[in-house]
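Written out below as structure tokens is the structure these notes cover.
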């Protein structure tokens, strides 16, 4: 669990140092702009076949995904037919994995014998390169949406189980017993006291699982598909359509960035209460 | 007169600070002298030590070590920091901690080994060489830190509240150890402390600092006979008298600054 | 209610047996199609055959080689870069925009491009896995160097050391617990990426073996291969954890002696 505790500690530190959003952008943007310009310049100057200029890719990206009418929010038909299902599967798979993970993690925390019995499996799941489960998921559910959702849930579940179990087990006994003295019903005690107390570690687990889910949807997309972003990318790649390949890669990269960003936003909102008590302890 | 350290109109201001931390500090330390620096908290004692040892560049005035202006850390000065647990290296044993700075001095292996053994023995840590700092008590760790400074054979030993974070018994043991080392080696010592008894017990002279912008408020000669002894020396009427005087001076100083503020 | 070590082991064995028994029953009774899942006995038999086969051992060697090369590459780049960024707060702030944008990009997403430019062999695996493994080791190096106690640095300066010596003799060793725990994450990540790339069509390696059995419809060998991959991950974790504890015996979290 040390990695996750470290993770939380660094996050707390980052929060403490948070400065004005504008100042943050002002100091961070230049490196990004320079990197993009360097790419553009280098690609134009050396003109290698596989690394086209940045803005050529952006133009193709726009044509592929953002060329729709205003009524479709400017998103192209290709986006609706190929990208949206992918994103939907990612969301459903991850939510399924997260809910199951919290449930199983809670059961493990309350039933030590069950926890001990499941420990080998959980350890196995934590150290398994989860994409290896894909052939298994396909054997089970086939190549369609069900298989992909199952695959993502199966890969995203492990860190959530571990985070939830560790968070619930490690809850401050004083806080729990003082809450108990309030004569709360077991359900209220669990949902209003225990889960919030465990939430830093649950969040850490969820964060790892988001990254896992994004990795897995991309793996699922690139593995022998007949529709979706992956299919577009793979067919562009087979036709040596470098710009088309890059355009798809950009969409996948953007998927990673957006999912991560959304999670950070949610985490900040949910975990706001964490900051003050932790600062006061110091 | 043979001065080892001359602090001349030393001033220091942190960037963007409204006023000087150190205003105009002027004093000198003789060869072989034991000088304590005391002052109210916030007087900038550590900043003063950093300036004297060359760790911080003053914004005004100068520090001369054996007649030469100091601009960077000098091998003539050894420093014992207040927080031993943060200045010793936890990945090295006691002897390796002491040996580490010697390694970059171009000394032979035998010379290093001899100096390390001698330094550790003189702080009473013979036989503890292979221990890691975190396996030792606070007092022992501070001894390692003292040995590390001694092994460099400095002309001046600067100590920043070295006894601040140990218990009372360890503290008086450390005080006597420092006095013993000072007497045996003839090294000049500048000790920063906030403990009035300690300052009187240890020193030849006490430099009392004012509140910021800090200047030398007063200097007190301590002419108690040497060698000193924890019980006998502290029992004398003279000690009580000096102690009371120092206490009064510091209280006056505080009241004055409260009036000014 | 705390379980003793023996009880935990006992229940662990019970858990494994229950899992295998469930597999055996649901497949043998036809509840789950034998084309979707093997019986436990078939899986274990396949596992026994697989792990002693030359094909698998070569594949294992190929996977480990690619992972280790990727890890070395990421450390060679990540540690020096992390040291620079950890020493200079300004450099870190300036670079953080780039880092925070690039880090969430899954390295696997770049696979189609990497295949175009590097092919489907070792180079492609190493390049992408190194890219993924770069972040943990680099970011933990930044944190470790940045958080080195300022008192230690001052002690180093008082020895009249220059900043390079301080870096080498104080900041790097002080940051080592961070660097090593980051490196451990990087190794695991490199393995994950390499196996994934093999599953997706890179040449050689255990992922490649699993993919071929999958294409041939041999679920027993697919499950056996997944089992082997998981055990490999577990083994790697255990070995790296042991190395970390050995090297870092002085760091607070591993100390045996109390203060």
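Here are some notes:
By letter and in written order, the chains are A, B and C; residue numbering begins at 1 in each of them.
Basically, contacts are C-beta pairs under 8 Å (C-beta built on N, C-alpha and C of every residue); 3 or more make two chains touch, one makes a residue touch a chain.
Quick caveat: nothing in here was measured; it's all calculated off a predicted structure.
More C-beta pairs touch across the A-C interface than across any other pair of chains. Relative to the centroid of every protein C-alpha atom shown, the closest chain centre, again from C-alpha atoms, is found for C. Chain centres were defined as the mean of their Cα atoms; on that basis the chain farthest from subunit C turns out to be B. Subunit B has its Cα centroid 54 Å from the Cα centroid of subunit A.
For the pair subunit B and subunit C, the distance between mean C-alpha positions equals 49 Å.
Separating the centre of subunit A from that of subunit C, both taken as means of CA atoms, is a distance of 18 Å. Taken in their complex, subunit C has these residues touching subunit B: 149, 151-152, 154-155, 157-161, 165, 169-170, 173-174, 176, 250-252, 255, 257, 259. Those residues of subunit A that touch subunit C in the complex are listed here as 2-3, 6, 10, 27-32, 35, 50-51, 112-113, 116-121, 123-125, 127-136, 138-140, 211, 214-215, 218-219, 222-223, 233-234, 236-237, 240, 242, 245-246, 248-249, 252-253, 255-257, 259-261. Of all the residues in subunit C, the ones that touch subunit A in their complex are 1-3, 7-8, 10-12, 14-16, 18-19, 35-37, 93-98, 100-101, 103-106, 108-113, 115-117, 143, 181, 185, 188, 191-192, 195-196, 199-200, 207, 210-211, 213-214, 219, 222-223, 225-226, 229-231, 233-234, 236-237, 253.
Those residues of subunit B that touch subunit C in the complex are listed here as 50, 53, 55, 72-75, 77-79, 81, 83, 86-87, 89-91, 100-101, 104, 132, 134-135, 152.
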